[in-house]
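So that you can tell them apart, the chains are marked A, B and C in the order they are listed, and the count of residues begins at 1 in each.
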Amino acid sequence: MSQQLYLSSSPHIHSGETTAKVMRAVIYSLLPACGVAVYFFGPSALSVLLIATLGCLATEVVCQRLMGQPVTIADGSAAITGILLALNLPPSSPWWMTLFGAVVAIAIGKQVYGGLGSNPFNPALVARVVLLISFPVQMTTWSAPAPFGSGLDLVTTATPLGEWKNAVMLTGQMPAEMQGSMMNYFLGNMPGSIGEISALALLLGAAYLFYRRILTWHIPTAFIGTVILLSGLFWLINPEKYPNPVFHMVTGGLILGAFFMATDMVTTPVSTRGMLLFGVGCGLLTVLIRLFGGYPEGVSFAILLMNAATPLIDRYTRPKTFGTLQQEKVQ
Amino acid sequence: MLAAILSLGGIGLIAAVALGFAAKKFAVEVDPRELAALEVLPGANCGACGFPGCAGYAKALLAGSIDLNQCPPGGADTVAKLAHILGVEASAATREIAVVLCQGDNRKAQIKYHYLGLEDCTAAQRIADGPKICPGGCVGLGSCLRACPFDAIEMTADGLAVISREKCTGCRKCVAVCPRNVIRMTPYEAAVHVLCNSHDKGALIRKYCQIGCIGCNICKKTIPDAYKIENFLAEVVYEQDAEAAEAISKCPTKCIRDFSVAYPDGSVQLPAGTDKPHAA
Amino acid sequence: MSLKTFAGGIHPPDNKQWSSHKAIEDCPLPAEFIVPLAQHIGAPSVACVEVGQQVSKGDEIGSAKGFVSVPVHAPTSGEVTAVENRPHPWGTSLPAVVIKADGEDRWSTELQPADPSELSPDEIIEKVRLAGVVGMGGAAFPAHVKMSPPPEKKISTLIFNGVECEPYLTADHRMMLEEPERILQGVALLQYVLGAEQVVIGIEANKPDAIALFEKHCAGTPVEVMPLQVKYPQGAEKQLIAAVTGKEVPSGGLPMDIGVAVHNVSTAAAITDAIIHGRPLIERVCTVTGPAIREPKNLRIRIGTPLSHLVEVCGGLVEEPGKIILGGPMMGFTQLGFDVPATRGTSGLLLLRAEDVSSHPESPCIRCARCVQACPINLLPTTIAAYARRDLLAEAAEYCAMDCIECGSCSYVCPSTIPLVQAIRYGKAAILAKKRSTQVS
């Protein structure tokens, strides 16, 4: 009888939540955004999504084989990196650039550090920034959406944030027609990267993750809250020049970044206070880069910079151990 | 362009002068012999000498407070070099290596339960004295492997720790970490060992292990000088083990092994009939 | 109204429906009792009977050794057949007195009921000690030690633990439903001894029947019944105190440092027996449950009853168990077989099937911080575990490893199934061992 008995130290039950299940849920949560992208940008978006995802999976397999480690693509983390990378690219990205990005994301962004759980930076963002710096032309060639059935071709144009930056540089004023397009921006009917266009679809996915308790509110709230406060401040100072907070919210990669990139567990702090601090930092940097930096969009850089600060944040936001707070007061 | 070259060059020059000055001004006097001694030490910082790393040992050597042969990983070679550096007589220590006195892997030794949890022998030992029925055998969760600073220990596919004769430097880290005391220090020259660590009676051992020593006395009868039996467990008398190998073929459970014959290349000790260790 | 609780914690499925509606049954006596001499935290008692000696129910068979120790008593009348090492719930063989029951179950004549109003607090404490009363929640810490704090530590708040936050277990729940008077008599005795101004009975909100019953019984008395939020480990001493008083027991300190004492409701009942009936602690209520047992029950068992007998009384096994657990699934101890006896700390016998045993392979930490959020002590379990596994003991201690209460919440929630609390436990033991060795040298 004892042959089949299990012995272990406690606890003897487990929640049943596994890494693979968490990763799968994140993939499901990204599907609405992928769907909207394919609707607005057509087959080109689909091909970018496929190339990035398959590229990441293949790179993971090759890396792990080379290092003599067990292949762990079944955990879904490489697929998430692939999808997130695709969502961060323009729909017109050439296939070789997407593939190169996928290889960079997994090989340089993740595996060189030791694979899942060891990378200091968000792999998809590492790849995006490498591509942005290496291929500035391709990475900033944006297309206007051409929804299925509209008969429109993809036309090269600028993102709302890019348009604003150009206008401000030329005239010091915000273009008037941008004020009225908020609803279109919210639904995704605007030029932009594959994933950032529809705030609605992203929020749907995020809601699912909240429901599954995979996301906590701390980072997204702190991130977006800071962006709203800071951009609101500038807007109040000079509404002619600076766009209002809603514009900041629905254009660019803020929603994608705040809910899906800045919440990457591996590269963000573990304590509640740390998460809040991380979110605030992301928000500050995003607004500063958007309003005063050279690039029209600052979410990726903001998150990567805060990733670098994560170990430091973790160090200084260690939760107070139970029973040590009062002791200090007494002493 | 020119301004850039001049300013960068200027900064470089100032920094170089400052560094050079600091190096001279704040230089710490180090006995050159200490550096030389550190050079010949293995550099594994294993702590076998009882000092904080090789540098600590080198310091202690120069202070003259200790013997030269406190570094088992370095071996006789290092002792000779150290003696040369310090200009003293070398006192040669016999080289000792660690041996796992057990061949009861997962196929040969029976378990009383399946262990789940932390992959650590000490943690498993705390739960009902370990998953194996045998009270003395290798637990097989690789705590020694993780403790070894010289990569000399491997786990076989069937969960048994095996130690390379050549890679082992005798630092005793594995001996300290093993909760079962199944790893022993033996003279390097002694290649014949009784690979069992259970003092249970033969009839009991046969119930849980195919390859344990049953205390049958046959080895001692064959070569009386080379073996001793205590509490139903045979042991090689390492001072008089010249002919110990002759009893190997007589052992009914095949728990006496001669590593120099089976593995003259100094590769790991392997129980009879086990697969090669898989890459860890 | 939101219920009081502590920060952190988890919500495992409670699985109490198996046995929570079943009234306590008296377990028939087995033919043989194995009474371990070590049943409590502290020095084990020493056998004071010989083989062949006849004993009556309640006779002392093991005497206490030192202050943090209690005597052990015969659970029934019969003959001592052996004093030897027997398998013990702690995992090894430990000294035990084996008694062959004579079937008469005759009480010792030396036991005398007493009128508590004629006893001084010190007399009550001494009687509690002689009766062998220990904490019945599972830790089995001698009750008389907790009843005699040093004079400078005044106990102002006395808390009774009716939380029973471990999944599956319903022994305390049934005790509260069926024997409220017995518990409340003990509550009054403890209040008298400790002189506490505030007395609170904390009960988790998943036992509304017990809460209602106690509110009825306590109406008009100084005893306050406090419903608490359903969350594990609400019944852990420090967490219960935090929920009830809002105060934290200082790190490395004891509840008495902040003027609090916590006793289990079943301990209160045992104290009633010891003082009012003069009976030592020889029985307790134990929940026999789990998917591998045919008929889950709440049994009133004698200390020393072999587990095999409990299984038999509960209709036998549905299938071969995968895990035999003494206590609850979060903090209980796995057993090698049914030949070990139930002890004073045995609040439950949980039998899981092989398919209920989770054995996911471990994967790398993804820093999801679930363990950090679950930890009721505000530790960073993943960090401490990583240090402990690399034997970086100083670093583990720096991250407050010694404050861990080993509740297992971190391991329960970890999606990478990293043995977090197991690693921390290992680290704690190593830190203690190192401390001891440096003290010696």
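Odds and ends about this structure:
In this section, a residue touches a chain if its C-beta (ideal position, glycine included) is under 8 Å from a C-beta of that chain, and two chains touch if they have at least 3 such contacts.
On a predicted model such as this, the values are computed, not experimentally measured, just so you know.
When every chain is reduced to the mean of its C-alpha atoms, the one closest to the centre of the whole protein set is C. Summarising the inter-chain layout, the chain whose CA centre lies farthest from the centre of chain B is A.
Ranked by C-beta contact pairs, the top pair of chains is A-C. For the pair chain A and chain C, the distance between mean C-alpha positions equals 48 Å. In terms of their C-alpha centroids, the spacing between chain B and chain C amounts to 43 Å. Shown for chain B are the residues in touch with two or more other chains, namely 112-113, 116-118, 123, 126-128. Residue positions of chain C touching 2 or more other chains, listed in rising order: 334-336, 357, 359, 422, 425. Counting partner chains per residue, chain A has residues 2, 4-9 touching two or more of them. Within the complex, the chain B residues that touch chain A are 111-118, 123, 126-128, 131, 279. By the touch criterion given at the top, residues 1-2, 4-19, 21-22, 72, 75, 77, 115-118, 216, 265-272, 275, 318-327, 330 of chain A touch chain C in their complex. Contact residues on chain C toward chain A in their complex (touch as defined above): 10, 12, 167, 238, 242, 247-253, 258, 320-325, 327, 329-337, 350, 352, 354, 357-360, 363-370, 372-373, 376-380, 382, 399-400, 403, 406, 408, 411-417, 421-422, 425.
Residue ranges of chain C in contact with chain B, taken from their complex: 91-92, 334-336, 357, 359, 362, 389, 391, 419, 422-423, 425-426, 429-430.
Only residues 2-9, 68 of chain A touch chain B when the two sit together in their complex.
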